[in-house]
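This report refers to the structure that appears directly beneath it.
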Amino acid sequence: MVPLNWYLILSAFIFSCGLYAALGRRNAIAVLMGIELMLNASNINLVAFWRNGVAPMENVDGQVFALFVIAVAAAEVAVGLALVISIYRNRRTVNLDELDILKG
Amino acid sequence: MMTWSDILTDVQMRLGAPPELEPLARAIAYFIGAFMLVNGALVLALILIWVTRKVVSRIQDRIGPNRIGPYGLFQTVADVLKLLSKEDIRPDNADQIAYVLAPILSVFPVLMTLAVITFAPGFVGVDLNIGVLYLVALGSIGIMAALMAGWSSNNKYALLAGFRVVAQLLAYEIPMVLAMLAPVMLAGTMRTQEIARAQALYLGPINLGLGWFVFLLPGAFIIYFISALAEAEQTPFDLLEAESELIAGFHIEYSGMKFAMFFLAQFLNAFFLGAIAVMLFLGSWQGPFADQIPLLGPFYFLVKTFLVYGAIQWVRGTFPRLRIDQMMSFAWKVLVPLVLSLILAQMIIMKLPIPTWIGYLLILVANIGVVALMLRLMTRYLKQESVGTKRSFTPKSLIGTMAPVNQVGD
Amino acid sequence: MPELPALPSILELVFLAVALLTAVGALVVVLSPNLFHSALGLAATFFGVAAVYITAEAEFVGVSQVLVYVGAISTLIAFAIMLTRGMMYGTTSQRNRQSGTAAMIAALMFVVLTALMNAIPWPKAGEPITDGEAIIARLGSMFVNEYVVPFVLLALLLLVALAGAIVLARDRK
Amino acid sequence: MLSQYGFILILSGIAMIIPVAAITIGHLLGPRRPDPIKNATYESGVETIGDTWVQFRAQYYLIALIFLIFDVEVIFLYPIAIAYQNLSLFSVMAAVTFVLILLLGLFLEWRKGALEWK
């Protein structure tokens, strides 16, 4: 069996990458990709903890959560990208630092 | 139940391999199995291309390949040699990594399909717990390959065609997956081996091997077959790479062996989608006396698969192409609602407090109803379409008039 | 099938290879200047994560990951990139003004998390899994029993997301 | 159970090697005489104007969107189908509700015209 902390370190790495993309990229789609990475990292953790928990045959809640996260991520990315496309249509840009229409 | 890998491992152990090397023996067994499967598939592709060309030629009143070898049998070998000696052109402004990766990724999932194909009892690559979904998941890699090929060629037509291919694959994947859900629900498992076993029909102690799900779920089978045609990009759904009209769609910029890889993937994909139809609906290796004579199992399987493949080629040889709007609305407006209502009906019927056989009868009735509805919708649509294509003149014969054309104003 | 004695070390090697693929994919997503390369890297990451699930014997989550993420979300992202192109071959920077700070925060986060994960004495590995299919059946029955409210709410959420996204993304006359 | 995936791993290795080998052999055997015209973008002999930028319609996005939502619902239906024999009537009603909401979504799109390929 793979030790639990290997999974956790991998997940931490992916999460950090996602965090950087979400904070440091200009393009809205790149930011959304970063968010997807972070959700995947959380899913790795859920599955790893399920595998190393008590009675993994009975308590499959970790997997259930992971599946729900996948589903919610799907809804999130669908609406998020639709927003990006809608913004692009109106403003001809998807760079987040140019979208300053609310600036006072 | 001994599987082939158990037998191979056992043989190696008997030959005097030390017990602590048992995992290595198993790995060697797996390697032999995988190697044979893949090479078998490649040889199969050679035969398949020849069969296809011959069959379609005959249907369309042509002769087909007949120069190299008896009946043109070695035409494909000659084609492969020709493609090997072709220059490997890389367009200057193509994206080099994705451009090379795309043909590899298009063959990869097709060959991976072999892992769960059930040839005979115990002779399935591995009996994965997620077998059916594994097959569907491999399709996603094919989608990525088409996308990469279209984008990396840096050609607007390749890109457009790639996107259209992806849209088509996506649209028909949903009815396909939902149609595959029907046999899975009946068998209560996703393991291909168990699904095959569930299609036995016992008359007393004797297995007639005729409990095929197609007798119970003809509607789901037809929906699967249509979606499989679209997934394999076969006629009538091949408008994106119509050989006779367009220049091959998303792999327009590919030459030599890279082109051959797309070609290989397409042929094998059509065959394997037929094999999946056989596994899920046509009883896999099941057939009369398959339990008594073990050799009959793979024989039945291959015969059925070739028949389904022949049916695909028959469709290919006779049907005209659809328009893209017809294709898309057929997937979303006809197939998906029908297959969803089918699943719904099956879910409710399977929980009704009635004897099993009445339940089966009701499922059959629901399936036949779906087929009838589909035929009705299609005929109505065809009638509606045919209004606009009235002939401007009535030809005297089918071939045309031999009489000289009247010269006007001379 | 007998449990193989040498499997753990092989499994660990496989995990390391898969983790490497995943990590490289994630780095491509973050660092590539070309957005389409980012999308391809993302697909590779998703695939690697699915393989990671399989090493943890969560087959169903793995295959769902491939179906939803590699099959659908990657394609969706690629389509969205194509629809909003124009900056793809542009010379404008892909990073914003705070990207230096962001990189520092992310690196710090990774270091702290890794140190933390190594410091905590995790309990020894879990019990062996004997019947993978029973787990899938258990998942199915949990969706419609213990988790029935989230399950139906999820269907509603997807419905609302679908309707909303279509209204937002549709071509207007 | 994991040893099953050993086979998948080995098979994937072979399935990777075959196309790579074929392409490499083709690359080595074939002639290599690149010239700028041959390596230009192929557009039936017409010179390429502009870059690959083509205006895509949102239709493609909508198809992928509907596919995504349905795909998510499919992965929830499969485990239920596996567990189906042992489910109570209440559970089945929940699953039926799930499928009905799915159908409702489809008809909603139909009414909004998202399924038309114009």
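A, B, C and D label the chains in the order they appear, each numbered from 1.
Note that in this section a contact is a pair of C-beta atoms (placed from the backbone, for glycine too) under 8 Å apart; a residue touches a chain by one contact, two chains touch by 3 or more.
Small disclaimer: the values here were computed from a predicted structure and weren't measured.
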| item | value |
| --- | --- |
| Chain labels contacting chain A and also chain C | D |
| Middle chain, criterion being Cα centroid separation | D |
| More contacts between chains, C-D or A-D | C-D |
| Separation of mean Cα positions, chain D and chain A [Å, integer] | 20 |
| Distance between the centres, which are taken as Cα means, of chain D and chain B, whole angstrom | 15 |
| Distance between chain centroids, defined by C-alpha means - chain A, chain B (Å) | 34 |
| Chain B, residues touching no fewer than two other chains | 26, 128-129, 133, 159, 163, 166, 170, 173, 189-190 |
| Where chain C touches two or more other chains at once, by residue number | 1, 4, 7, 10-11, 55, 57, 60, 64, 67-68, 71-73, 75-76, 79-80, 82-83, 86, 129-130, 132-133, 136, 138-139, 143, 154, 158, 161-162, 165-166, 169 |
| Per-residue overlap in chain D, given as positions that touch at least 2 other chains | 1, 3-6, 53, 56, 58-61, 64-69, 71-72, 74-76, 78, 81-82, 84, 87, 92, 95, 102, 109 |
| Chain-chain contacts as defined at top | A-C, A-D, B-C, B-D, C-D |
| Residue ranges of chain B touching chain C (in the complex, touch as defined) | 6, 20, 22-24, 26, 95, 98, 128-130, 133-134, 136-137, 139-141, 143-144, 147-148, 151, 159, 163, 166, 170, 173, 189-191 |
| Parts of chain A lying in touch with chain D, wherever the complex brings them together | 67, 70-71, 74-75, 77-78, 81-82, 85 |
| Residues of chain D that touch chain B when the two form their complex | 1, 3-8, 10-16, 18-20, 22-23, 25-27, 29-34, 36, 38-44, 52-54, 56, 59-60, 63-64, 66-67, 70-71, 74-75, 77-78, 81-82, 84-85, 87, 89, 92, 95-96, 99-100, 102-103, 106, 109-110, 115-118 |
| Complex contacts: residues of chain B adjacent to chain D | 5, 26-27, 30-31, 33-35, 37-38, 42, 83-93, 100, 103-104, 107-108, 111-112, 114-115, 125-129, 132-133, 153-157, 159-160, 163, 166-167, 170-171, 173-174, 177-178, 181, 184-185, 188-190, 247, 252-253, 256-258, 260-261, 324-325, 328-329, 332-333, 336-337, 340-341, 343-344, 347-348, 350-351 |
| Residues of chain C that touch chain A when the two form their complex | 8, 11-12, 15, 19, 22-23, 26-27, 29-30, 35, 38-39, 42, 45-46, 49, 52-53, 55-58, 60-61, 64-65, 68-69, 72-73, 76-77, 80-81, 83-84, 86-87, 92-103, 105-107, 109-110, 113-114, 117-118, 120, 122-123, 125-127, 129-131, 134-135, 138-139, 142-143, 147, 150, 154, 157-158, 161-162, 164-166, 168-169, 172 |
